[in-house]
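Data block below; observations after.
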Amino acid sequence: MKNIASIVADIAEEMRGMTDRGQVANYIPPLACVSPDRFGIAVVMADGTVHAGGDAEEPFSIQSVSKVFSLTLALGMIGDALWSRVGREPSGSAFNSIVQLETEQGIPRNPFINAGAIVVADVLLASGTPAEAIAGVLRFVRGLARDETISIDASVAAAELATGYRNLALANYMRSFGNLMHPVEQALGVYFHQCALAMSCRQLAMAGRFLAHDGRDPATGRCIVTPQRARRINALMMLCGHYDNSGEFAFRVGLPGKSGVGGGILAVVPGTASIAVWSPGLNAKGNSQLGALALERLAARTGWSVFEAAQG
Amino acid sequence: MKNIASIVADIAEEMRGMTDRGQVANYIPPLACVSPDRFGIAVVMADGTVHAGGDAEEPFSIQSVSKVFSLTLALGMIGDALWSRVGREPSGSAFNSIVQLETEQGIPRNPFINAGAIVVADVLLASGTPAEAIAGVLRFVRGLARDETISIDASVAAAELATGYRNLALANYMRSFGNLMHPVEQALGVYFHQCALAMSCRQLAMAGRFLAHDGRDPATGRCIVTPQRARRINALMMLCGHYDNSGEFAFRVGLPGKSGVGGGILAVVPGTASIAVWSPGLNAKGNSQLGALALERLAARTGWSVFEAAQG
Amino acid sequence: MKNIASIVADIAEEMRGMTDRGQVANYIPPLACVSPDRFGIAVVMADGTVHAGGDAEEPFSIQSVSKVFSLTLALGMIGDALWSRVGREPSGSAFNSIVQLETEQGIPRNPFINAGAIVVADVLLASGTPAEAIAGVLRFVRGLARDETISIDASVAAAELATGYRNLALANYMRSFGNLMHPVEQALGVYFHQCALAMSCRQLAMAGRFLAHDGRDPATGRCIVTPQRARRINALMMLCGHYDNSGEFAFRVGLPGKSGVGGGILAVVPGTASIAVWSPGLNAKGNSQLGALALERLAARTGWSVFEAAQG
Amino acid sequence: MKNIASIVADIAEEMRGMTDRGQVANYIPPLACVSPDRFGIAVVMADGTVHAGGDAEEPFSIQSVSKVFSLTLALGMIGDALWSRVGREPSGSAFNSIVQLETEQGIPRNPFINAGAIVVADVLLASGTPAEAIAGVLRFVRGLARDETISIDASVAAAELATGYRNLALANYMRSFGNLMHPVEQALGVYFHQCALAMSCRQLAMAGRFLAHDGRDPATGRCIVTPQRARRINALMMLCGHYDNSGEFAFRVGLPGKSGVGGGILAVVPGTASIAVWSPGLNAKGNSQLGALALERLAARTGWSVFEAAQG
């Protein structure tokens, strides 16, 4: 096996030349303006070494990748009580489908579809005002990445708020079943701001390290979550991290991961590495086209799939 | 960590004392007659050592666990062409739901729901008559387990055929979309017979070893499938192996696995072990209640979850 | 046949003695407080004779019965252009289902399910501010009933606004498909106020006369809508007037009708009579239990079903 | 108003010149071979006068129109007990949808969707063998039309049997819920043969007279069904007679009717007339395009809508 540094460099180079890069999300202007030419990758090894390539230092809107962090925070606040309000099964439908909510009485299938993440945001509001809850998410992510420069892009949050009728529908619908405790506007305020976190691949990969290391940040030795919880969050990422494309991602890549409509994907190799990739063009299911391809190649060349006997 | 032998023995002992054992499947008489008191476990390590406990030598109806073997055979016959006829995503609905087939034009979501396995059985018919296709499945499983005593319980297959209206509906429905090539009765004949395979935990764990070892049988060194294919089958088991309870299984156990309504579960620890458990009582979602619990405890005490950094 | 006056009196008397009166809607306090003992009936014949019985003079919240009047107004404003935004088919699901909206891209199945009536309310906003639109509805209904004392119960509208999460979900959902032109709050404001119209059976039966007489108010000779439009509104009432209980109503009663959760039903006998009944207890499908029963007996004893050869 | 004879003649002439005639059903060869140029109409007045035009004497495959006759027979056999096995509500989905059956536990929404008609056929089997049940349907229809030349086109029935996978799926699915009492093949045998009834417009209009006259055949005075039952069958035709296009038909035509994929429609004007039209080209929802148009014009020019005050 070539060393990781070469593999990462090769992949970054290969992605640069790709012509079929998918479609950039265009439902809000700030996302639509990002160039489809961008591609970044950052791999943080267990010892802290970082292998980066492409636009690895350029911040992008992490969008739904943020759901991993908000879920972690919410579990820290109320623990398994969360699971009475959100399920743990793949949805079998689109990220913003409302059909399942009717059949299942306002309980979203998992915390990574929009409805589930809105419930999680509602949980975070137990900690204070919307501003305080948002500040809490930002503080948590900055701490994980050990980088105080990470910020929330207010223009993205504002654009989401202005056009987020589908999410307003989901939230009101759950509220009608009693599955939101705070005003819909507050839960969505927290949700849209967490989605507007702007992070680079390097920052994102740093922030995800605890999931690759049984809940502990290997840089500081600090325990973020218990090993069991880290394992379970990984399981949720594997089963539900890519909406109705999760099976495809597991099939091709074989790693727990979470994608966002901004084109970012966070993936973890338990015991080995935390990885972030970014390319804004999306495939038909709404996941980063080159991001998934880069991860597929990385997993194949390193043997990092969790389904492989001879890992890394 | 205690050694594996002790852990397995402890778990077998703990399961013996459980009072809440779920409900034995009763839709056909041969399954309904099995005692809920049964529990068996067999763990085959990479070096061939077998740790067994409880009723590990008693044959049971493997039912849907057989879908792993028929899928492997079908992929060997037509390769990735299979994926134009069957999807790779979790279904988000019950094992025998027909709703999704209408929405998605007769293409089952994955090869482990009934509809998908019927398509797989239809593929196996390309090899000859129904009798030949069934013989092929039996030969394949015997070869994997290196045990010529494995047989198909004809009374189980006959009972399924006599009452399998739901599967007849699924098969005819797919036929109406042109997604079955052979007569419905033939595809179902193969399907019901493969489900009627009777195997003990020891035999099943032996037969699953190739999935734990990148497609190679470690006993013989023979390559059953490529490493990539083994990885992909594992991914499918992780995402879809327990019907609409797959998320729960990944969350609690964290291993690729496939359950059957007879109470058996096959699970693999890539690089480490192949495991079979059996207890006929089922939980509300149709998966072995004690089987899943035993695997949860085994994974927790051994650290065998694929989502854990410090495995084994 | 006994004369109409006797039949109406008999039915009112029979309803008084009924013990199984259904459940009063309790989702908002103002509705929950109405006594289930109430029953009223008013029949206005072609010549203007009114046969009334029970609590025929007591105002109640007409709720969804108002959708007939708002539809009539909206058709008067934009004509058949309405049908590009709302369908004309029975829904096959509950009055507040959101599932169909996802499948059919934000186009409600008909103007009598909640989603459809919200679109109609959105159309009414073309006439001015929400207050003006509401005033327009009130003016229209007062004119039809020739009764300036009809009013809107502001406490009912306020209670709906405070708890109407499901309708907020429907409205935001349609907005996400571009099928609302005005702010969600405004469309719902109009909708909740029109539903809060308080009318007695006598007033309601008077207001519905134009539908029984080819669009013309027989008292004044004034043409409210064309004969074709009256016929079509009647058809919509017949097919969709009782949510997912419309088939049952047609089967048992055989008249175009529209029910409301306040327990009122407006029904018309083309060429012969306009009828309003009211009893607040609802059956399992949300329609007035005694109201429907009273109409069934009335239709049977008078021969007023539109499906009967020898009418009236 | 012009007299009926002239109106019928005009309409037949107008239909001859139409260029947009819809698509002829092509799922089985015997139907696909019928020329789209055909159009026939027959109107039987209360006094027995027949006004016919176009190809009114040419037999065509009545297909689902037959469901009216089989329903009538089944109600004669088991009465209202039928309604525990079939609903009375519009389906809100396509004629051959299986989705609703899953949600509602194998109970079809109404007797006019395929699943419901298969249950009705199963009821008819209580009278004897499939051949006897089929003979019973034929005898009944011949008696109604007083025409012993009416026959069943065996080639049509055979073609349906050979390719009817969707109906096999529906039947097996209901069987799995215990809602068929006889073997699936027998119920489908009856169903496909009744659908293969070949009748001319004149014969069909004659056979439908009892529905226009409170259950009594005006030619003989014989009571076919009670007035209540006639009224109720009419109600079902109005609500569910045109699959998911029933609302549209009620809106445009305003008469109880039942369409078939062979291009025929039976409609009744209570107290006035029984009407059959036929033109094989279908609209997007599977109903005769010119047939519906002809009925719309007929109803408009005669004032025959049941929703109109001043009928006939």
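For clarity, chains are labelled A, B, C and D in written order, and residue numbers in each chain start from 1.
FYI, a contact is a pair of C-beta atoms (placed from the backbone, for glycine too) under 8 Å apart; a residue touches a chain by one contact, two chains touch by 3 or more.
For reference, the UniProt names are A, B, C, D = Glutaminase.
These numbers come from a predicted model, not from an experiment.
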Neighbouring chains shared between subunit A and subunit B, ordered by label: none
Label of the chain whose CA centroid is most distant from the centroid of subunit A: D
Separation of mean Cα positions, subunit D and subunit C [Å, integer]: 31
Distance from subunit C to subunit B - Cα centre to Cα centre, in angstrom: 55
Subunit B and subunit D: spacing of chain centres that average the CA atoms, whole Å: 48
Shared-contact residues (touching 2 or more other chains) in subunit B: none
Interchain pairs in contact, sorted by label: A-B, A-C, B-D, C-D
Residue numbers on subunit D that touch subunit C, as the complex places them: 87-93, 100, 109-110, 212-214, 227-228, 230-232, 234-236, 238-240, 244-248, 250-251, 254, 256, 270-272, 300, 305-311
Residues of subunit A that touch subunit C when the two form their complex: 97-99, 101-103, 165-166, 168-173, 175-176, 184
